[in-house]
Amino acid sequence: MQEQQYLTVNALTKYIKRKFDADPHLRDIHVRGEISNFKQHSSGHMYFTLKDEKARILAVMFSSNTRHMKFIPENGMKVIVKGDITVFEPSGQYQIYVKAMQPDGVGELFLAYEQLKQRLETEGLFAAQNKKPLPLFPNTIGVITSPTGAAIRDIITTIKRRYPIGRILVLPALVQGEQAAPSIAKAIEKANAMGEIDVLIVGRGGGSIEELWAFNEELVARAIYQSRIPVISAVGHETDFTIADFVADLRAPTPTGAAELAVPHIEELMDRVLQRQTRLMRSIRERFRFETERLNRVQRSYAFRYPKRLYEQKLEQTDKLTEMLVRNTSRLITGKKEQHDSLNKRFTRNHPRQVLTEAKHKFERMDRDMNRALQQTVTKKQTDFDKILATLQALSPLRIMERGFSLAYTKNNQILKSVTQVKPDEQVQIQLNDGQVYCKVETIEGGDKNAIGK
Amino acid sequence: MPSENNLSFEEAMTKLERIVEKLEEGDVPLEEAISIYKEGMELSKLCHDKLKSVEEQLTQIITEDGSTESFSIDEED
Amino acid sequence: MPSENNLSFEEAMTKLERIVEKLEEGDVPLEEAISIYKEGMELSKLCHDKLKSVEEQLTQIITEDGSTESFSIDEED
Amino acid sequence: MPSENNLSFEEAMTKLERIVEKLEEGDVPLEEAISIYKEGMELSKLCHDKLKSVEEQLTQIITEDGSTESFSIDEED
Amino acid sequence: MPSENNLSFEEAMTKLERIVEKLEEGDVPLEEAISIYKEGMELSKLCHDKLKSVEEQLTQIITEDGSTESFSIDEED
Amino acid sequence: MPSENNLSFEEAMTKLERIVEKLEEGDVPLEEAISIYKEGMELSKLCHDKLKSVEEQLTQIITEDGSTESFSIDEED
Amino acid sequence: MPSENNLSFEEAMTKLERIVEKLEEGDVPLEEAISIYKEGMELSKLCHDKLKSVEEQLTQIITEDGSTESFSIDEED
């Protein structure tokens, strides 16, 4: 048993408490017993023991639940309590937490109320979705209550004051005693049968729980539930709800309250009509103003106010482009012109005049050189010739004649050296220095060889 | 709009409310809005007149035998 | 432009607003711009006339129904 | 150049722009330049005429619709 | 030299340029130099005339279309 | 010497140059010298004529194209 | 002395030189000297004539080309 797990007391107690809390049979249970050991704490909480002949249980009732109690509990008092069972962990004791307490005896009514309420609720008689809306402007208001007493007076007064155009139809009913429930139920049925009532007020003035009991009966509850006409319950009790209150389409705390809920106030209605009228006018005016503004906005728009802008910019654009067209064309042509001018300048610079001039110079030089060269050649030849001619002349054998000698030539042009070469009458030519003498031989002498020279 | 005179106050109010809402929503075309507005003004006048011109209604009680009698409370006490 | 007369105020306004937007965007071809502008002017006149007519109708309602006096656009605030 | 009369303003402007660009680039032969220039001047005239026509149309519209202007603008602010 | 009249300005300029280059190189025989020069003179005159004619045409266009006044080659700088 | 007429100025000048050189060497027999000289004179005449013709051509260009002349020269600088 | 007429100027001059040399030697008998001298004189005449003829030819060439002379010199500088 060494592996046995040990529980802490706390864990065990928590476990037991959870068991208690989870059990629905320990929830909202009704318990009958006698009070003992009653103590009321200064905080208002009550602590006591409930017991019978054979057993006892600790009980706690917190002040929040004691507030509406209509009696003060004391030791020895027999009561019926309603509450939940749970475990108080620090002491490990189970207790009943009392939520409601009734003295026993009345206790039976209370139990019946609780049971009926639970049943009807389960059946859905209290369900919100089954509640009928009240007419906004009821023509006829049905009132089911006692025709005498404060309740009917409060209702009628209130309705007449608030809504004089509403018709009030009183359906008298007993609201207390044995016959009350069937009487109320019957009145409800009658109201429905009449078919002219728009809303029903069912109720009475305040009283003890027994006095109000008819409104806790199933008969009344079902009649209310069956009603086609919306029902306002008006049981004059501020705190406790009757079954009728739960079933009714609307609950009013008092008859006066019911009348106020049943009809609108005529002044409010008038206000409402006027307010709608105002809203109508404001709305149409706003609409008109809105649309006017909308139109104005459009009319004030740039495009409408300055329609010239539609084309002014384009005009500018066109002008600019045209200007560029002119400028670019002009520039293009100027460029071509400059190109031509510069080329032409180069061209002109290369005028062939220069070439011609150079050619001429060269030609002239050449021409001159040629003439000069020829001249020199000819001159040299002339000079050479002149020189040799002079030499030749200087060496001339005929120079002897300059000294008085002469040469005689035969007719055969032979120098006459011997007399034998001629005969008389023959022609002889004598060459002198300054000319020639032509002679005729007259005689011949000699034969002596050295006759002249020796 | 003679038919509208037969409307109950409640019907007239309901119509009026709807018209007001419709106009306030603003989705109604302008031309329709003006005719709705006209109708609304007439309904408003109708409601106004109905509230203004009503005489006080009688209070009645159903007797045991099922007949209806006028009923008045003792205003005193 | 007889068809345009059948336009409701809202339709005319919507058209008009579109025209203004288009014109203000500025990319409208020149020839189209002028015809759009023309159309816009006609729509503007149409809307203006419709509003004028609404205003007259409103004034008339008030006059007929003396009780709800002094309707006027200026009345607000 | 009758076909050019069918050009829209924008088309004419685009053509003109291209001509200006071409001239700016400077690659245009001299003889072509003059014919391009002529064409450009015609386009420019076409654009101007169209603008003139638009201006006249506008003036006419504004004169006709002089009334529209006044209504709504005054009442505002 | 009738064929040369069919030359475009640019073709004439190109031919002229070649002539100028040749002349600038300087080795041109005398007779060729003179005939080349003659041709150059004609080409230069052709270019000049073409420029002159273009200028006149431009001036004429401007005059016809009075609106775009004062076009002139001088307008540059 | 008909073939010589087909000589260019430069060819004729070259021939002439050779003749001058030969003459300048001085050893040329007289008769040969004179015949060489004769030939030189013809070449010289040819060159002279060519120069004359070129000059005339030049003058003619200027005269014919008086406008061109003035155009290109004046316009310079 | 018909053969001598076929001599060139230079051959004649050479012959003449030799005659002069012979005469200078002085040993020549008078008769021979005289005939040599005569021959020299004839050669001399031949040379002289050739020179004369050259001169005439030159004069003739120059006269023919008289124009040439004036052209090139005057126009220059």
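As written, the chains take the letters A, B, C, D, E, F and G, and residue 1 is the first residue of each chain.
Just so it is clear, a contact is a pair of C-beta atoms (placed from the backbone, for glycine too) under 8 Å apart; a residue touches a chain by one contact, two chains touch by 3 or more.
In this text, all values refer to a predicted model and were calculated from it rather than measured experimentally.
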| item | value |
| --- | --- |
| Chain whose Cα centroid lies at the greatest distance from that of chain E | B |
| Chains most often in contact, by C-beta pairs | A-B |
| Numbering shared by both copies at the chain D-chain C contact, with half separating same from different | different |
| Furthest chain, CA centroid comparison against chain D | G |
| Distance from chain C to chain B - Cα centre to Cα centre, in angstrom | 37 |
| Distance between chain centroids, defined by C-alpha means - chain C, chain E (Å) | 68 |
| Where chain A and chain G are represented by their mean Cα positions, the distance between them in whole Å | 126 |
| Distance between the centres, which are taken as Cα means, of chain G and chain F, whole angstrom | 33 |
| Junction residues of chain G, two or more chains touched | 9, 51, 54, 58, 68, 72 |
| For chain A, residues contacting two or more additional chains | 277, 281, 284, 291-292, 295, 299, 307, 310-311, 314, 322, 329, 331, 333, 336, 344, 347, 352, 356, 359-360, 363, 367, 374, 378, 381 |
| Parts of chain F lying in touch with chain E, wherever the complex brings them together | 8-10, 50-51, 54, 57-58, 61, 65, 67-68, 71-72 |
| Residue numbers on chain B that touch chain C, as the complex places them | 29-31, 34, 37-38, 41, 45, 48 |
| Residue ranges of chain C touching chain A (in the complex, touch as defined) | 9, 13, 16-17, 19-20, 23-24, 28, 30, 33-34, 37, 40-41, 44, 47-48, 51, 54-55, 58, 68, 71, 73, 75-76 |
| Interface residues, chain A side, partner chain E - complex | 322, 326-327, 329-331, 333-334, 336-337, 339-340, 343-344, 346-347, 350-352, 355-356, 359 |
| Chain A residues within the chain F interface of the complex | 341, 344-345, 347-348, 352-353, 356, 359-360, 362-363, 366-367, 369-370, 373-374, 376-378, 380-381 |
